[in-house]
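Shared chain: subunit A. Partners: subunit B in the first complex, subunit C in the second.
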Partner chain A sequence: MAEQTPVQIFRRQERQKQYRSGTFFLKLAVLLLFILVPFLFPSFKSLDLALKIMIFAVLVASFDILLGYTGILSFGHVMFFGIGAYSVALLIGKYGNPTYINLVIGFIVALGITSALALIVSFLSLRVKAIFFAMVTLAIAEFAIILATKLSGFTGGEDGIIMSMPGIFKVSFNMGKFLGVEITGRLITYYFILVVCLGLFLLMIRFINSPLGRVMQAIRDNEPRAEAIGYKTFIVKSISICFGCLVSTILGGLYAMWVGYANPESVLGIPIMLDVLLMEIVGGMGTLYGGLAGAAFLEFAHSFLPDLQNFAKSLFPGAHFLHAAMERWLLIFGILFIMVVFFFPKGIIGSVQDFMARRKTAPSI
Partner chain B sequence: MSETILKTEAIHTFIGQHHILQGVSFEARADAVTVLIGRNGAGKSSTLKTVMGLLPASEGKIIFKGKEIQSRKPYDIARLGIGFVPENMGIFADLTVEENMQVAMLREDAATAERLESVLEMFTALRDFWRAKAGILSGGQKQMLAIARAIINDTALLLIDEPTKGLAPIIINALIDAINQIKQHSVVVLVEQNFYMASSVGDYFFILDDGKVVHSGAMAELVQDEEMQSKYLGISKSV
Partner chain C sequence: MAQTILKQWGSKLAIAGAIVLYLLPLLGMDFSTYMTLTIAGLAMGMMLFLVASGLSIIFGLMDVINFAHGVCFAYGAYVAFSVFKYLNAWVTADSVFLNFGIFFIAIVAAFIVVAVVGMVVERVLVRRVYGSHLFQILITFGGMVVLTELIRIIWGPNDEVMPKPVSFAGNWNIFDIIILKYPIYAIALGLIVYAVIQLILKKTKVGKIVRAGVENPEMVQAMGHNIFLIFTGVFAVGAGLAAVGGLTMAIFNLQVYPDMGGAYLIFAFIIVIIGGLGSVTGSLVGALIVGLSYNYVAYLLPSLAVGVNILIMVIILLIKPTGLFAAGK
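After this line comes the complex of A and B, so read on.
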């Protein structure tokens, strides 16, 4: 074997260390938790919560590719999520039967539309300054919502499209019991989505650690400098936008498979985009894993805060002021959000990474 | 006389309404360090940025290795073999030193790996902070990283903008050694206000004043000419 340079030796050591670190085992534990949710918490609410955390974690990570890793603020990211959801819903819910082939075609059509639209958006908008790009994408996203609402003959308008799933993904499908848990179509859909989400997440990690990913981060830090080094930054930014949007589209299709419908409010709305932004801020920009922390924070808050009033009533039946305060759960959510931003200015994962980096002395090679 | 690798012919550059360069002509010869000197606002940094394509030249020609490059984009100019170290160093603060170097490597071949090793020999501090975020480096280390990034590729011409700005004298001496090593295999055009640095590494000089070249010649002549140093560089005459 040829003699290795110090840099090569250092890289080899880093690779070996990667699978023995504490964070690696923490990631495995989180994955294991998602796998075991149906067995540990066998209720639809728990399963629904776990799945939404999973989908939104990957959606936020795909948004992080744009904002956290390339420095592009796009308000149109959820529009691509909607394209995925509507494409699947139209193909198996409105214009076709619920078959596997139609489901696959739904995803392929969605990816095709997204590729074309993402390219047009990047070519139209990357020529303008960052804030104008954000405004252009917001306008396009708003236009998509109007289209989905007004073209009711095609999209079902505000009611959207309801669909049933093919074969093993059908809610009524049942394979019997395993370890005391019914193996239904919903459970199979859950695991299918888990596998795809995991694949997409690993793909994104590979993407940001590739040479192209490093150039994206260089553009985020100092675009003119990246250009002066020799990179066509416009092309790199376009690739980043297209990649992030394609991931978002696949997630939209998966989400529609889970909820069984697609309407403007659930898959295209600006409030969903704001949720994604909040998750990104809470989790931490430029961390990828921040999406998981942000999605868990928001989805838990959305699921459990509205029940706080009942919880307070059962614990303290006579405390009317407390009941009234708990009824305004959005206020509590706002306070929680401010506290997270205050104590974790770089987001939960970003702040933890900073803390660990400070503790660790930079190794020499 | 050695061959000319870079030549600008009467370049004019505007920043907004301001006519910054008003016909700058200079040349950089192979196997030499050419220094652009002058007071603040004379147009030195703008000259380098115009050569690099970061500021558009409204008139004039920029000829690199016999090719006109004034209408090319910065990424094209970089890929012709021109490295640029800007005044603010332009490091990628959120990337590690290693990632900064990887981004700068336009090719990942054996020659680049060899250059990386020799660059790390030259700037040993980078080796010590290899996995640290570049943002935490000191001013001198950032400057070393900026220069290391610029010479990691097969650079025929290196443009360095005020590398000594805000650095301690001991670091300046290290930079002088580094530039003397770099000049063995690359042509260097240096913008510098620190006359000690300029005279230590420079072979030829061009003095800029109000967007024009007002004097040029061999550095050895300028070192002797206290009158010119006082008039254009604000250096007081020795008593």
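After this line comes the complex of A and C, so read on.
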């Protein structure tokens, strides 16, 4: 072969290492674990936990495209999640019947609304300074919550919308046993969501490593310079916002398919946004896989914190203030959040990566 | 020709346009309703101004977006609630003197307590992250969550009824126009606070240092002033102003609840975006715009009331992305 540029040599080395490194097998193992969850832990609780970890991992990764890769903090990300959930719920549950075609239409409508809204939001708020973006998106997200609560004739208000799924996604669907586990509609939904999530995740990795993704990272690191080199930062940022929001919308629809309802508290609320933010920070900004670590950590904490509370109660039976504090798990999460931002600003994955890099370079120095 | 006219008369045209716009609701209602709504709107605007001005000054001087500002608002309301509960006899007494006394005590108590909270927040949280907007937002957001949960632990998670001092209820009847008493007091309080802030900023040495700090903090430091001490002081005063806003709003709405900070934080954000970050006058104008529009629209088209503020914000962002009164930066 003819002369290779240093970049090409570097890329070839990377490609050769790709399928031999330890992290590659770790990723495969995690995927395998998700596939085997229904067989290893055949209870609804574990299945629910695994699915929530999955959806939130991908949601956080899509948030990471904005925050970690483009340097835009948006508080409206969960709003798009809610748009996905609501349009699927409206088309299947309230204004239609549970058929496959309605499901598909629901997703398409949601994607249409999201792309329009994301474009409007980005055109409006990217005109102003970066910090304004957080404030504007927070205002718009709050407005969406109020809209969903107040327009009770259309969205069902606080109670939201309950729906049942079409055909093979139906909870009561059953097609016999396989390896001692009943193949129910739940299980099929689980695998369907797993496949879509995997696809979205791979798509995001591809997006980040594309030339456009590199430009996004340049904008994050030094926006005036990226602009001076000649990139249209405004358009790149808009594309990044739209892409992240579209992924978020699809996930919202999937989440509604799994839980079977959509209400403001479960798909739109500020607590969900806080969860996503916390997962992002705990997992690590600027590492798509950080979402997985953060989501796993937080969802486990959600499901096992009640046990921890009882444990603390039995340990210190007299301290009433402590009990009151333990019951407010948001307090604990808030303190945890502040601690992580102060002491591990790179999160779990970021810190581990740093540690590995240091170990790798240490002997050669 | 048209362009030169626009340039020369731009601000006056804008004011005239705004006045015409705010007279428009007259078409949809009779005059006494209009006056009642206007006074309610002005009162709401003044209370929101108290919250937004602190947020705006803190940003202007320290370049910090404080998401924990709404919680200071809630703390002010809750401290006043405790004061009213403790000195309930003064609240229920049918004496103007005692009622104003308790109102004054509540304001002072709320201001001092929340200023101390603000100082702690600045010292513990914000000081470590000067210069990085992203981390400021994350940290103050975390602080907001923790402080809100602390309200739930200290005062309980439920909504509480805020008592109103007896002589604050009732109304005056002037030429068949019913004017509620309390909104007038709130408007007066807001104007006094605005005047005091302007006096301090314009006439005292501290005010001069703060204004210089807005322009160029490094230079102020080079002149030998301890800028961090001023940062802490301004943060505390900003938090205290939010607390005064919170207690007036709680008496106005007759209720306190732990999440009240969040809802009004959104209002405060909209106001500072409209008015321009870092400008006290901008906060006042923005707050009056938001308060008046909210009240008119809430009367005419109740379901759109919250949307109209977002709409105004969007229009102003389109016309002037820096806000109406952009400060030094």
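Keep this in mind: the second predicted complex is superposed on the first by the 315 of 365 C-alpha atoms of A that agree within 3 Å, B and C clash if a C-alpha of one lies under 4 Å from a C-alpha of the other, contacts with A are read in each partner's own complex, and residues count from 1 in each chain.
Definition applied: a residue touches a chain if its C-beta (ideal position, glycine included) is under 8 Å from a C-beta of that chain, and two chains touch if they have at least 3 such contacts.
This is a predicted model, so every value here is computed, not measured.
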Next item on the list: In the three-chain superposition, say which chain, subunit B or subunit C, touches more residues of subunit A.
Entry: C
Next item on the list: For A:116, decide between first (touching subunit B), second (touching subunit C), both and neither.
Entry: neither
Check: Is A:232 contacted by the first partner subunit B, the second partner subunit C, both or neither?
Finding: first
Note to self: Applying the document's definition of touch, where does A:36 land relative to subunit B and subunit C: first, second, both, or neither?
What the structure shows: neither
Check: After lining up the shared chain so the two structures overlap, which partner does A:108 touch, if you call subunit B first and subunit C second: first, second, both or neither?
Finding: neither
Margin query: Under the stated touch criterion, which partner chain does A:140 make contact with: subunit B (first), subunit C (second), both, or neither?
Written below: second
Notebook entry, point to check: Of all the subunit A residues, which ones make contact with subunit B and with subunit C?
Noted result: none
Check: What residues of subunit B sit close enough to touch subunit A in their complex?
Finding: 52-54, 73-75, 77-79, 84, 86, 90-95, 98-100, 102-104, 106, 108, 113, 116-117, 120, 127-133, 149, 153
Check: Mind pulling up the subunit A residues that touch subunit C in the complex?
Finding: 67, 71, 73, 124-125, 127-128, 130-132, 134-136, 138-140, 142-143, 146-147, 150-151, 270, 274, 277, 281, 321, 324-325, 328, 330-331, 333-335, 337-338, 341-342, 345
Checklist line | Residues of subunit A defined as touching subunit B within the complex | finding: 5-7, 10, 211, 214-215, 217-218, 220-222, 224-233, 286, 357, 362-365
Note to self: Under the stated contact criterion, what part of subunit C meets subunit A in this complex?
What the structure shows: 65, 125, 128, 133-135, 137-139, 141-143, 145-146, 148-150, 152-153, 262-263, 266, 269-270, 272-273, 303, 306-307, 310, 313-314, 317-318, 321-322
